[in-house]
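Okay, so subunit A shows up in both of these, paired with subunit B first and subunit C after.
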Partner chain A sequence: MNDGKTAWRNIRIFASLVLIGAVMAPIFLSDASWPVTARDYLMAQGQAESGAVNLVSAIYLGYRAFDTLGETIVLLIAVTGTLSLLARVESLVSPGPEDTSSPNAKGFSLSLEKRVSHALRTNLLEEVTGKVGPIVLLFGFYVMLYGHLSPGGGFQGGVIIASGIVFLALGNPYEDKSVLVRPAILGGMENIAFLLFILSAMSGVFLEEGFFGNPLAVSGTPEGFIILMNCIIGMKVGSSLAFMCIVMMGGANHD
Partner chain B sequence: MTILLLTLIILLAVFALFSSDLLHGVVAMSAISLSCAILFYILEAPDVAITEAAVGAGVSTVIFVWALRHSQRKEDRHE
Partner chain C sequence: MRPEDLVFATVMLPLLGAAFALCANMFPKGKGADTVEFIGAGIGLLLPLIVLANVFPLVTGGNAIEGVIGSWHEGIGITFSFDGLALLINILGYTVGIAAWIYSLGGGPRGPAFTGIFLIQCAALSATIMTNDLFNLFVCLEIMGMTSYVLIPTSRKAGASLASFSYLMVSASAMVFFLLGTYGLYRLTGSLSFQGIEAGLALLGSTQRILSLACLTLLVSAVAIRVAIMPLYGWLPDAHALSPHAVSAVLSGVLIKTPLFALARILHLLPEGTKIGELMSIAGALTAVVAVVIALSQRDAKRLLAYHSISQIGYIVAAWGMALRWGIDTPEGLACMVGAFLHAFYHALFKGLLFLSVGTTVDVTGERNVYLLRSSIASLKGRGERIPITFIAFVTGALAISAIPPLNGYVSKDLITYSLKGTVHYVLLSIASVGTVASFIKLSRIYWRGTKVAAQASLSTETTPYWPRLVAEVLLSLLCIAGGVASHLIIPVVSDLLAPANVIAIANANLFSTDSLVKTAWTVASGTLLFFAATSRPGSVVLRIVRERPRDFHGLFISFALGTAVLAGYLLI
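What follows is the complex of A and B.
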């Protein structure tokens, strides 16, 4: 009985692997040439038109900025769904007297006296994250601000900023030492960043460049728009991811 | 090197599919993301490598482990 069940599971997994292989095989076996039109155009014109040395930034904030709007909306919906799910889970697994399974999962970011257990928060962790956090934040701002010149950009810098904020939240032995780790502030930052993103996307409309058009296209510094968009996206991604992580660690229970 | 990394990714993916312990699967997924990040860097796409390392190996692993901590372990097989 048990062997039959396991064998059936293995058969299903093998069948799905074979099906995936059958779907992917034409891609590997075909000898059609890669499309080169967009690549050649971007290599020739991209840097002059957008002012960005890093062509990836030029594409995702210049030529394909509408996709970036979709990605930020996807992130917003993901964070919203996670938070609503979390609120439901917290109400479902309310700490009863028999709930001893994960006492230290809650209150992970609480202050020293209120914590139930120190199993996850040792002195070593607090010292190291508290000192590394600002450096990680600085590196995240570097990646975000220099996204038009070096590899990186708003999304990458935003994720690094989010981990820096989480380090700061882990590294302080007291509550509310830094205003950056409060969930309410982070949520507000995310909303403001999204509003700014839409506003700066619309700013090209008034200068006859269209939605997501570069309002600085005719001036001498077209890369200013990419730097602005990178900053806004970095703020949005960083605050939303840090918000999610801090709420997941139990920071919203006492806010 | 590329072929080595691709083979490693496939082996880890198969391991993640077949492992019965979910935590082992999460660790294998994290290793897949790390191998992918190295692969992207070798293929001269450092932007994607940064994203893959930060999101795939970092944030998603944390979220998976957090979800595993909050779920209950239940053996489905009747021994």
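What follows is the complex of A and C.
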């Protein structure tokens, strides 16, 4: 009886896969020639219009900046949703107060280390991440600031900045040392970055360029706007990802 | 300010408001944070109304305001076009949005994060309906989806997170297919704008026809999931029933309709649009009937309302599909489109009202089961309603959805059935109306006097005030009544906004004719009969079978595959 049910279910699933595959097959098997209009236009005009040597940033911060705003909003909402989910999970599984300070808590540290905090870390980890953190941060800023010239940009730079912040948080045994790793500060930075993004997207209206228009379009240095947008996106992505990681590490409890 | 900047402000203002509201998070809880959050809500919900009032004279008579975001060249930038339809959907969205936000002040959820995400949802609605770019449409649909996935579990009801997760999985996989369709169309035409795709497809030879049909199929069925047309409705009842009441009102009222009308903007440009419209309208009419039967069998009050949303969206899709079938530039097609929009608008009002009033009732009594909850009026009085406003609001909504004159539901349903006369849809929709009457008699029993007196939930501990709930209910009730009484003023305006430039807008149809009134009387009488049949012993056995029919998660995917294949096959032959 049960076997029959499973078999019937598998048949249905198989049939639906075949059906969907049949509908999608023409898309994958197509030999249509690739469209070239947009490519040729970008080759000819992209750099002059947007000021960016890296045409990828010309597309995502120039021609299709509105889609980019959409993607940052998706990230913002995803982080908010994850945090509220985490808060609920934490309230369900969080151990009692006597549990956290237990000296016998199982950890990765060596028996000789005699750690006073963070049983799940080791001295080695703290030394290395603490020293590497600032360098990673610097590299993140480089990738973010040079996005208009070389591969990179706000999203990529922001992720590197976030990992730099996480390194800093891992690298100091008492998390209150650096302002940058406090969840409240990171959350605030994320909100301010979103506000700045909206405001800079609106700035073009006052110069007859329309929303998302480049206010520097006629100034001779149109790439300035792309650098600004890259910085804002980098701040937004960096702070929101770091915020989420630090909350997941339990940093919010020390607040 | 240029007109194209003015209309795009309907997207940017809610986003600015959302940014303000989210910044309220940084202030310590109290007066300061509340002030910032309220300023954000004012920017995001009230200023767009002023913008819409200013835009109105620019889009009448088939005019549209077109532009490219960022003033780039057409063909490389994102184009948008704000026409009469976009104006109407914006009015729909902001009306219900304002009422729902006011309600949330009393009924929860509260807080800057909620207000921020709610405003982002409003911005996404506005952007979805005015975009002229297929990839941008994808982004807007994603934002709309993301906001719903986050808002649904804020009710903290058991199962809400799971409902949100299953919505996420279904809708995210549907969006993958949407993206594939976009990719295919771009590859064929080298353009993402609707007009560019239309021009590109017209130039194609017959060898590429199969590819273009496959792409269109994927786009349409992905949107059909969002709109919850049979058989792709499975995610909706849980998501809408378990979310907070204010969110339910927006999800049911606004969110499921916007993608449908956005899809119409590309479909009416393509020759395949007529066939797609025809098939969708049949699916819509069937949806109306099937969903109302399931609704009648429900035990949970809000789940019953959620199934009614599916049933009513069936009406809208039936009229919408026939409008595409006949072409919006013909008088019949235009009448259908006016009916579809008006029903979408009026349904948003009365379904929002029903979700809010039933939500208040179940909160006050602490009981959601329709079979157990009785004498709710007494509980409402116990909560401080000297006049049972919530009960009056419920009656207004229930009469409107059952299409009793002179409420707004009568006008829009009559307009739809009037324009579909002589088709098979007419019969199906008439049957659905009977079921609607029966199930609302069933739902109204929660206010009847009964021996089982509902337990008073301990609402005295809640910190939020009660009055915002009543303000929102009164606001929507008044709009429901106005929509019916002033229909002779509204219909010409709507048809003028929807009519293409060269088509004369329809004159006022005689909605309150003797024929229609007699038909309404018959519907009510048969609905009452159906209600008694459903409460009889054999009736309740049948309903229990319907209620407890097996529903599983992968069934959703199987029906998606089936629906997609049927649509593709229908387009091919």
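Throughout what follows, the second predicted complex is superposed on the first by the 204 of 255 C-alpha atoms of A that agree within 3 Å, B and C clash if a C-alpha of one lies under 4 Å from a C-alpha of the other, contacts with A are read in each partner's own complex, and residues count from 1 in each chain.
Basically, contacts are C-beta pairs under 8 Å (C-beta built on N, C-alpha and C of every residue); 3 or more make two chains touch, one makes a residue touch a chain.
In this text the structure is predicted, and so the values were computed from the model without any measurement.
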item	value
Superposition-derived comparison: subunit B or subunit C, residues of subunit A touched	C
Contacts of A:220 with subunit B and subunit C, given as first, second, both or neither	neither
A:78 touches, of subunit B and subunit C: first, second, both or neither?	second
Contacts of A:13 with subunit B and subunit C, given as first, second, both or neither	both
Partner chain in contact with A:56 - subunit B first, subunit C second, else both or neither	first
First (subunit B), second (subunit C), both or neither touched by A:208	second
Partner chain in contact with A:245 - subunit B first, subunit C second, else both or neither	first
First, second, both or neither for A:4, with subunit B first and subunit C second	neither
Where subunit A meets both subunit C and subunit B, residue numbers	13, 17
Complex interface listing, subunit B residues touching subunit A	14, 17-18, 46-47, 49-51, 54-55, 58-59, 62-63, 66, 69-70, 72, 77-79
Complex contacts: residues of subunit A adjacent to subunit B	1-2, 5-6, 10, 13, 17, 54, 56, 89, 93, 101-102, 105, 143, 151-153, 155-156, 159-160, 162-163, 241, 245, 248
Parts of subunit A lying in touch with subunit C, wherever the complex brings them together	9, 12-13, 15-17, 19-20, 22-27, 30, 32, 34-38, 41-42, 45, 49, 62-67, 69-71, 73-74, 76-78, 80-81, 84-85, 88, 184, 187-188, 191-192, 194-195, 197-199, 201-202, 204-205, 208-214
Footprint of subunit A on subunit C - complex, ascending	1-2, 4-5, 8-9, 11-12, 15-16, 18-20, 22-23, 25-26, 67-73, 75-78, 113, 116-117, 120, 127, 135-136, 139-140, 142-143, 146-147, 149-150, 153-154, 156, 161, 177, 180-181, 183-184, 186-191, 208, 210-211, 214-215, 217-218, 554, 557-558, 560-562, 564-565, 568
